[in-house]
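What follows is a short report on a single structure.
Chain naming follows the written order as A, B, C and D, and within any one chain the residues start at number 1.
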């Protein structure tokens, strides 16, 4: 039977399947066994309590949803006192996601969350719905470097940086995050989007803009993971459109060490554990002994086939 | 009956529905009446003959296709002698799309195509599949400004600039193109993507990367059109995921003066004229007298509703 | 999308009718049920009856399931749709939903035929609560709200609590669930818009009378903001406690995503609560109208 | 996706059976046809019969239609699938396709039932050409290639041209379309892998004999690269002209997108041609093997 375990830096995970921040909570224990997951990823927390964005917070689109939650939460104190203990009832490593609009506060958050029980600090520097312009640190390499450096200085915990698919040059931003001391890159957050209702001419979401979430986007994020994994030496976690075991394989072939899953868990509350089962079966069927063999195993060395030769071989 | 005509600068179009470059040719006259279209948009032409990219050039994805054609063509001389005359058998304005990797050649192309019969020169500064890094002028404002300025200096024809959705800051790039003298912004080209086959671990396309095309992407491009239209004073044409009349309306509400359609014409060869029929009926049903009333008509002035008030009104 | 996006074995993960329950102690699950019937109740509503795995039948009145609706048109329905349990028959292993055919999800549901499979997740949320001290309750519902309130009548009957049900509708023909309330021994008062008996004034008079007669130990409502406001006002004036089932667009249904929030007022302070987790049943006095 | 992404009236744009032809002079169209039957021919192939608007019946042997396949699994099939016309019955208004059930598109097609609607676009491409000077032709096909070659027999019969058909298959049971060739008066030679009669050597011997007997004024093939190479070699050696129908993945089917290119060699120069527009039928001598 295949060994599904993976290591993200020093963090050991039983398998490469984790939930995506904000689309998961310990409450999923009502339907699945959380101890089977590769990791537990908490919803992004901010320092002070926040209400989040106006409703409606979600609308269906042609192929997926747009959503704009706006990082509601009860602040870091409540989080440490009440939410961390909920997650510590389960065994997988706890990844805590933080967000702020200032570098200093980001560092404070990381420092204050460097407590026993927290295994990883993920800095969400890419939330497109925190404010309406969609601007965030991960849009520019300099800002990324600055904020990740500050957070790095504030904590000894493993530090993961969640990047934005809205950035034009994800590779430079990834390299900036690596240079600044990130231990892993999480690619990616949601795509800033807009839906306008043609019945009343109004934006479909209370916050106007929202993040698009859809299996349709997987090829874009996969390309980013591939490009980044070729350039950095820290691990990459792929997030975007994973709904089946083959998608996990595809991300790993592109260079990801693990994946995160959001939407699929809405559609099928049992999706995450089902995908783990399927991944195991998929590897076993092919005699793959360790799932880590798949990381970066894309066969692309001989891709420079010339056009005429390629087109003489037909379908 | 609604007046569907729109003006893009000085270019008069019978309606806001045009085909998208590369997904259309005069050969569509086999199935639809080309004289009904708002414009005729030729496939991007390069100066010298090009074979284009290795096959396979297309693969289906979860929700759409990725494709990588690589701008094959017989060069500008053949284009002027044989292809322009094919289009001139029809009445709508002819939009000619050009591409190059050098600023000088781009200007030469524009100059050489400034001939009678050509109504608009569209500079495709955003083709993601021309070379494998996906780099192109429209990824950066400075490059955009430089190349559009050079083209502007070379032609008196109306000049449209086709932008890239892979750019991080589309608004700055749009403003650069406007400043450089573009008469219209075409938003957007395709999203750089990758698909890896899990049966043989190889990229699904001969060129490795391809451009993702899918109705699922409409909310992203719509957001870009909305953001850009608020900032520039030249017209914007929205391209991405239009498959029905309501999508045309949505783009116009966001600020577009017209739309381009690619994928829908593959799926339904009669899609473009069907959408024109539907748009007319849609406007008539609502008593809209001129389709131009829809441009930028999104109701977003009062969008700053506070969270608690919004969430007390429920569904 | 089901199989294209999902691998073959993926679909096997939810629990199925007839298979042993692999997780008997989980409060909720994802279940593949068998459709028994799916008939029109009137021109707008259908009643869906399912055979479900036993665990799904632990649902209480006021709780809901999250339904993976089939496509009405060849395109995906990307999100589940929440529906209250309408009737639970533990002995037969049946569960019913009463639903209004509105948009794509419910139009897709309307296509289900006997023998089809249907994927439901739940039961989720907090249902209605009956205080042992209450002997007489008043249930006031309108439209689709009746679907949510109906199982409360079942619960009341099981607990020996008397129900007065005021059923409001646009016209007399559209009054739903009357039979079910009748059958369960409720006093039924049907009001409608056609003869103006459903006007707030008239319903207020009915409620005042019930309070005066000692028939209103608690109020329950769903489906109309106007009627909620009325019960809130009268409940406050006369000290009658009340519960309301509320709606909001949902994604996860489990409390994770914070998409389904609504505003409530608790001790003078406005706060947000998740309809799927802290609700869908809330204290009437804590609701905030608009 | 059909209706969700398309507005109500949108779907009305293709031409339908029974309606007057709005564009009689267009060479191709988008047609909504009625499924008459869709039966298994053997374990891998199905035969689909459609009632179509008259214009669709102008298709010639070797031309293809681009088919909007239904979903096999609830998810969209995003692109059309090209299929050669298998049989055209102008009098009855029927069109047939013979197809191999492979991936999602053809699996979706396999679900079509009599009475269903099916959206097809075409006829596209350049079909087979019969030179008036040719009295005897040789048709060599294998597997799905037979579907493409079969209507050529019909065309030959109509033009008084004699056909020798060499039908190759893995096993004797899988030889398809034999009846159709028989019926149209062709001499049929069936060869298969089981008894090695389909080996290139044997087929070569058969072809040599036909050439020697003056029964091979032209060659036609489809479905096997190995057999194409053989005909190319023999055709070149003996001066027998030949045509081959080729395949490539397609998007537009009309010549616009350049997705369907393949390499050809013309006057010593390698060039790309679009299978959908310059083909799918090409001069055998211009093909390039791999």
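Please note the rule applied: a contact is a pair of C-beta atoms (placed from the backbone, for glycine too) under 8 Å apart; a residue touches a chain by one contact, two chains touch by 3 or more.
A quick note: this is a predicted structure, and the numbers were derived from the prediction, not measured.
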| message | Centre to centre, using CA atoms, which chain is the farthest one from chain A? | response | D
| Between chain A and chain C, what is the separation of their C-alpha centroids in Å? | 35
| remark: Cα centroid separation, chain C vs chain D, in Å, comes to 56
| task | Between chain A and chain D, tell me the centre distance in angstrom, where each centre is the average of that chain's C-alpha atoms. | result | 47
| message | Multi-chain contacts only, two chains or more: what residues does chain B have there? | response | 51-52, 55-56, 61-64, 214-215, 243, 246, 307-309, 311, 313-315
| Contacts with two or more other chains, residues of chain D listed in rising order | 1, 4-5, 75-76, 104, 248-249, 261-262, 272
| Quick one: do these chains touch in a line, a ring, a star, all-to-all (complete), or other? | complete
| Inside the complex, what are the residues of chain D that reach chain B? | 1, 5-7, 9-10, 12-14, 23, 26-30, 66, 68, 75-80, 104, 119, 121, 124, 248-249, 251-259, 261-262, 272, 277
| message | Please output the residues of chain B touching chain C within their complex, sorted ascending. | response | 62, 307-309, 311-315
| task | Flag every residue of chain C that touches chain B in the complex, lowest number first. | result | 1, 4-5, 225, 246-249, 261-263, 270, 272, 288-290
| task | Going by the contact rule at the top, pick out the chain B residues touching chain D in the complex. | result | 22-25, 27-31, 33, 43, 51-52, 55-65, 67, 69, 72, 214-215, 243-246, 265-271, 273-275, 277-278, 281-282
| message | Taking the touch rule as given, give the residues of chain B at its contact with chain A in the complex, in rising order. | response | 51-56, 61-64, 66, 70, 139-140, 166-169, 191-196, 198, 200-203, 206, 208-210, 212, 214-220, 222-223, 226, 241, 243, 246, 249-250, 253-254, 297-300, 303, 305-311, 313-315
